[in-house]
Amino acid sequence: MRFDEAYSGNVFIGSHPSYEESKVVLYGMPMDWTVSYRPGSRFGPARIREVSIGLEEYSPYLDRELEEVKYFDAGDIPLPFGNPQRSLNIIEDYIDQLLTDGKTPLGMGGEHLVSWPVMKAVAKRYPELAIIHMDAHTDLREEYEGEPLSHSTPIRKIAEHIGPENVYSFGIRSGMKEEFQWAKENGMHISKFEVLEPLKEILPKLAGRPVYVTIDIDVLDPAHAPGTGTVDAGGITSKELLASIHEIAKSEVNVVGADLVEVAPIYDPSEQTANTASKLIREMLLGWVK
Amino acid sequence: MRFDEAYSGNVFIGSHPSYEESKVVLYGMPMDWTVSYRPGSRFGPARIREVSIGLEEYSPYLDRELEEVKYFDAGDIPLPFGNPQRSLNIIEDYIDQLLTDGKTPLGMGGEHLVSWPVMKAVAKRYPELAIIHMDAHTDLREEYEGEPLSHSTPIRKIAEHIGPENVYSFGIRSGMKEEFQWAKENGMHISKFEVLEPLKEILPKLAGRPVYVTIDIDVLDPAHAPGTGTVDAGGITSKELLASIHEIAKSEVNVVGADLVEVAPIYDPSEQTANTASKLIREMLLGWVK
Amino acid sequence: MRFDEAYSGNVFIGSHPSYEESKVVLYGMPMDWTVSYRPGSRFGPARIREVSIGLEEYSPYLDRELEEVKYFDAGDIPLPFGNPQRSLNIIEDYIDQLLTDGKTPLGMGGEHLVSWPVMKAVAKRYPELAIIHMDAHTDLREEYEGEPLSHSTPIRKIAEHIGPENVYSFGIRSGMKEEFQWAKENGMHISKFEVLEPLKEILPKLAGRPVYVTIDIDVLDPAHAPGTGTVDAGGITSKELLASIHEIAKSEVNVVGADLVEVAPIYDPSEQTANTASKLIREMLLGWVK
Amino acid sequence: MRFDEAYSGNVFIGSHPSYEESKVVLYGMPMDWTVSYRPGSRFGPARIREVSIGLEEYSPYLDRELEEVKYFDAGDIPLPFGNPQRSLNIIEDYIDQLLTDGKTPLGMGGEHLVSWPVMKAVAKRYPELAIIHMDAHTDLREEYEGEPLSHSTPIRKIAEHIGPENVYSFGIRSGMKEEFQWAKENGMHISKFEVLEPLKEILPKLAGRPVYVTIDIDVLDPAHAPGTGTVDAGGITSKELLASIHEIAKSEVNVVGADLVEVAPIYDPSEQTANTASKLIREMLLGWVK
Amino acid sequence: MRFDEAYSGNVFIGSHPSYEESKVVLYGMPMDWTVSYRPGSRFGPARIREVSIGLEEYSPYLDRELEEVKYFDAGDIPLPFGNPQRSLNIIEDYIDQLLTDGKTPLGMGGEHLVSWPVMKAVAKRYPELAIIHMDAHTDLREEYEGEPLSHSTPIRKIAEHIGPENVYSFGIRSGMKEEFQWAKENGMHISKFEVLEPLKEILPKLAGRPVYVTIDIDVLDPAHAPGTGTVDAGGITSKELLASIHEIAKSEVNVVGADLVEVAPIYDPSEQTANTASKLIREMLLGWVK
Amino acid sequence: MRFDEAYSGNVFIGSHPSYEESKVVLYGMPMDWTVSYRPGSRFGPARIREVSIGLEEYSPYLDRELEEVKYFDAGDIPLPFGNPQRSLNIIEDYIDQLLTDGKTPLGMGGEHLVSWPVMKAVAKRYPELAIIHMDAHTDLREEYEGEPLSHSTPIRKIAEHIGPENVYSFGIRSGMKEEFQWAKENGMHISKFEVLEPLKEILPKLAGRPVYVTIDIDVLDPAHAPGTGTVDAGGITSKELLASIHEIAKSEVNVVGADLVEVAPIYDPSEQTANTASKLIREMLLGWVK
């Protein structure tokens, strides 16, 4: 028994004790104040950590163990409730520091808007950056009911920032007509409904490029992820999403950052969504960190 | 702000304000008094409307928006609790009036027995009527524990009414031996387990005919529709059901009425079933109303 | 059957069809973006209306029926997700118009911060205004983690606006030490733990004055209101809260506005909280509107 | 181990194996087809039995053990789904036979309407019968939306059958104005809001008389019984209801039959309602069967 | 009506009344004391029985009815809470007796460790025994945190007992690296991720042999079985599991015993897991008992 | 931002960072393997910590803040699943070390059996020890279905260890007849049903003595603590339990250790039980640590 240091419970399984020695930093962004439907994703990161104790540290898909990847679970970034702009600034500063320290950011949301400042910060370091986006929704709105800071806008923002031709969306099955038109007119890639097959076609084109991968858990069918803000029928299975993560692992893209967002535990009493998210995080760590 | 008229909340998204100008009428049939297992579908229609605010009005499957379809959400039909016969009479009168007014009926259940008076009323107008029925259960009983009015009987009733050879069931995976035998002996079509593939074979045979489509949400696997009275493993995915709706949309049948029944919200804390039902209703409106 | 007007479902039972003829206006303020713990009260007003169908229109406590009180359920005020300041401005404008039209405002939250613009608008019309506040929490913070717009601040704001000596809090069992000190040093009334008995002492002192009553549902013990953002043990019973409403009804204060806030349905699968809230609204209507 | 007889699981704890030797018969009436709000009480009896394994067989209130009372759990009476009249006939026949066999009936609902045929059958044997009724609701309607067989009518029916002056209601806090008026005009006793204190006053007047006690679980506050069809705030505690049962046990009335109705398990994930009901049944057995 | 025998409710549908005349005995093993994550499978067998009333007795997959199979539901084996060794001894004795009586054992868990004494007892009678194991987890640990009796060890124990070459695992997607290595080094068969296709390859090799089939419900994806102790994304569908059961039915193996374990109802408010389990039990009875 | 040390999330609010400087140590005992009814209390301590962020650090009851009490949250003691004896040994060793280091133990269960080794260890240091026990159940069994290590036995064990005359139970409303008799015959104090009033009588008699207080959360009525293994109607309110804690705080007993056990979060979707437990822990820290 050791009583000489603070209890560090609720850390993602296999987290390395040292920030300095770690290559990847895992962090939560507990923000859900701009969601238009069901809030609650602020509690996603904590619940994903909590249920990770039910996971093995070994992946039979990748034949690799978490001890082979040095990563540090830095906890949740404290964010000011109800203030989107200040929250985004805090996240951007946080990621800037991680990148300055040479770490690869791996984030857990929170609503999808949190990905915007992360992608912006990553884009500063990697001018050749491409975005791989898996989601049920386009997230290409300019604003939502008058608000430019909304969980429906992050992909539009990054697309305008780095050029729509560098953004690749997969699994999309919901959006406004105008969003699909904007993507088409501006050369942004959207694969509707499917993820794995179109990804296999796109990945070779991105070989050698730095890539940021942002996954909205609602790309999964509601059967596989009931615990999220906006469920939308007709999605992919968790088996397909795992295979997509493994496809990226096998490809020649260079994953320089990633996130998994929109896990909202309260809507899923069985906690399957958080459990699935924790397995996805493990596979992202084992598959994408070389 | 307008205070000069009654608040009309909880209407299905995109409902047109005028009954007269609408081509389709959407209505709820909040009855669940004859169910033999878990009641609660009386609250299905209200919950489907409520969660429809999480939906987009545009379908990327059909490239069509709800504003292109004039439909009127008429609310729930008030039905007398515990009296099946009076309830069925009220429904039949209601549909008669809709049809007299030249409207296409689109109903939300309630238990499956509510489809019987609707189909009967529709059959009066369309002597050539065929029924497309998607369900986990045959619903071909003559009676249930002595009761001829039961949620297990509506397909038997309509089959006897318009001739079993005009009824096509898909996705069936549960029933008594006698029910399957009756169907076989009487020339009624039953596709066991599958929906999409057998539907592709049958639809050309129905080209040009008026068709009523009745969908029991439990045709979906319990993973995709836990919120229903009788869940039964081994069903189809919501992706397959969406594709089946789209297959009908592409075919040359003439959909003259339809319903979606047996959503029982209390058994699904995540509300995925009601959300899925609301997306199905949107696709039925966008795909079947020309 | 009437199809000639839009379905106006999900209205609080007994709502009068005409805004003009109504004395009271009932409205929802579906905002929860500044809450520091569990969000979800945006869905409170809709659920309170929905479950009101389980209520009788007659109160055996007050021997009065809803048809004796003309009130109009105006639905929810549309508020911009994630923008507290714009939301508060919209609410204040809305209340200004209600008051200009001579209506008594009766609001349903949403988080407690929504009460601030309402109380401010009411205070413009009634310079002698006193506030009766029932809550588990002081809500007297100046800011919360740097944010002056927070669900922990509304009572501080109104106290500073109309003078702390005009604010009477009851049932308080949680707050920072500094909040209790501020109240004490500034002459604001706080009754800790209890509501009914101290209310009986205070009400005579307020005789003849215009009073705004703001009730946070968490003044109830979690046993009686589990469906709220921040539950706090040791609260009062629903019987005591009903008696407190009736005590105000019997008193000589002039209730010029009121609200009931912080019902968050997702945390209460039994829906007892929303049902209780709908009964409280009925008693407020029957008891406080002469 | 004995394999030579059918497994008899899910019997209420302490049930005696022999019908013949038992003085009391416990039975379920799994009917909920006339309820106007939330159905589900058909599953009440089974769940009450199931959770009874968490109970001790000894009551420290009464210093008595279940083995001192010979009672037989006869299971649920099979009732035809959706047919109220046939269901009531079956129940009445069932009770007639029990009474013919000299048994005391102890029933579990099911909706409150099931009490009507039981009380009618008991009244045939005991012309001096009085009814003690504990409930949140008057249940004195003549009909509900045109239906004379409704869960809102059983007390009216028995009051008209044996004379309103022989019916004593306690704890009532909801009803139509007309129901309270009918009771008043016809000499029926109603104690509003409270049970224990008015019961202490009434019991001596009933000394020596045969009494049937019907308890609707919603006489309890929703905090104590969330798992019921229509929750209504302001009710009594389970401590008070236990004390009321014990008060009857100490009195000189002769309990010739009783029931506990309206437990609807699906609305109570914690199962406290079923657990409380099973304790109430134990105390009724130990306190009322001499 | 018959009152002359004990109520035998909550028996699996179609259970034969006589142990002597039955070929198969169905029993529950309500033990969950060694689970390392979420307990609760002790309530699995009772809930599976309870929901079986929602099932038909006929299988349209196998065109066979339960009345064609004589089986006896013997209830749950009483096991001492918190004592794994004594529990396992009791189970082994129980199975020994069943086998002595010439019955085929069909068990319902409970945690997976309960399969160990059953398989050991069966192996005594059938020296040629092979094990077919469907599971998300290897269950090949020697001990768990120092405990040799753990829900993570049963397959290791039987593999060491009858020889690893006689054990065939399917659907495995989680385990320690050492477990997979042990299997590989010792000639045990593991099919990762898939069940149906590899089963088709293996079954012909087992033709004519006595086989015990042990199914952990978590071989299903969490979407299809949220109600279990350790959910793990990427599993098979219930459709695939049904097809696998039917594949065994069509094969030439001789099923001499089987079980279905790890249903933990509390994690699944929709009860789809228990419903699915009850359908699987029906198909196992109809398909495997000749 | 500091990245130089491990994330120490999920610590009870206000925990001091140093074990050495702390006077009290808070720890979890996540064991539930001997419970006879509903397991799940292993997750109690983690959930109590998690929800403590919703609490203020100041108590308006005691006018004291957590920063005035130096306590260290040491996390959960790792216990071997399914092995009661080894678990109890580990706990006893752990407490021995705490006491050697001069710390006051404050434990969170887990099932009630965990209190036994703690009390035994404390009794070694304090020969004059008295036990104050608040619970719905006597917990005085010698064994449960043959097992001497059961959640029904801890009070019997400590009573036999330090003498029954030194044990004071309050709020007891369930147990076997033999348990009550044993207490009576052996001079152990049991206050049935009530806590606060009998406590006021007993406390003066214990003035100056070292006291260990063990609270089973089920002493609360199920309305106030639905999230526990065995709910039992007729309990006390959280207000009364808070007052009882404060009564001890005001008394002259010397609290040398304490625990709060049997919080089982899964049975309480609203999380009121864990929230209440976290408030009770705060009041125990603020009231009992001088």
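General observations
We call the chains A, B, C, D, E and F, going by the order they appear; numbering starts again at 1 in every chain.
Definition applied: contacts are C-beta pairs under 8 Å (C-beta built on N, C-alpha and C of every residue); 3 or more make two chains touch, one makes a residue touch a chain.
What you are looking at is a predicted structure, and each value in this text was computed from that prediction instead of being measured.
Counting only chains that touch, the fewest steps needed to get from subunit B to subunit F is 2.
By residue number, more than half of the contact pairs of A-B reappear in one of the listed pairs A-E, A-F or E-F, namely A-E. Taking the mean of C-alpha positions as each chain's centre, the chain lying farthest from the centre of subunit F is B. Each chain gets one centre point, the mean of its Cα atoms, and the points for subunit C and subunit F are 38 Å apart.
For the pair subunit A and subunit D, the distance between mean C-alpha positions equals 55 Å. Between the Cα centres of subunit D and subunit E there is a gap of 41 Å.
Looking at subunit E, one finds that residues 38, 221, 223-224, 267, 269 touch two or more other chains. Touching pairs of chains, sorted by label, consist of A-B, A-C, A-E, A-F, B-C, B-D, B-E, C-D, C-F, D-E, D-F, E-F.
For subunit C in complex with subunit A, the residues that touch the partner chain are 32-36, 38-40, 42-43, 78, 80-84, 86, 144-147, 149-150, 266-267. The touching residues of subunit D, counted against subunit F in their complex, run 53-58, 60-61, 63, 65, 221, 223-224, 237-239, 242, 269-272, 275-276, 279-280.
For subunit E in complex with subunit A, the residues that touch the partner chain are 37-38, 172-177, 180, 192-193, 221-224, 226-227, 230-235, 267-269. Subunit B contributes residues 1, 3-11, 15, 17, 19-20, 25, 46, 49-50, 72-76, 94, 97, 101, 269 to its touches with subunit C in the complex.
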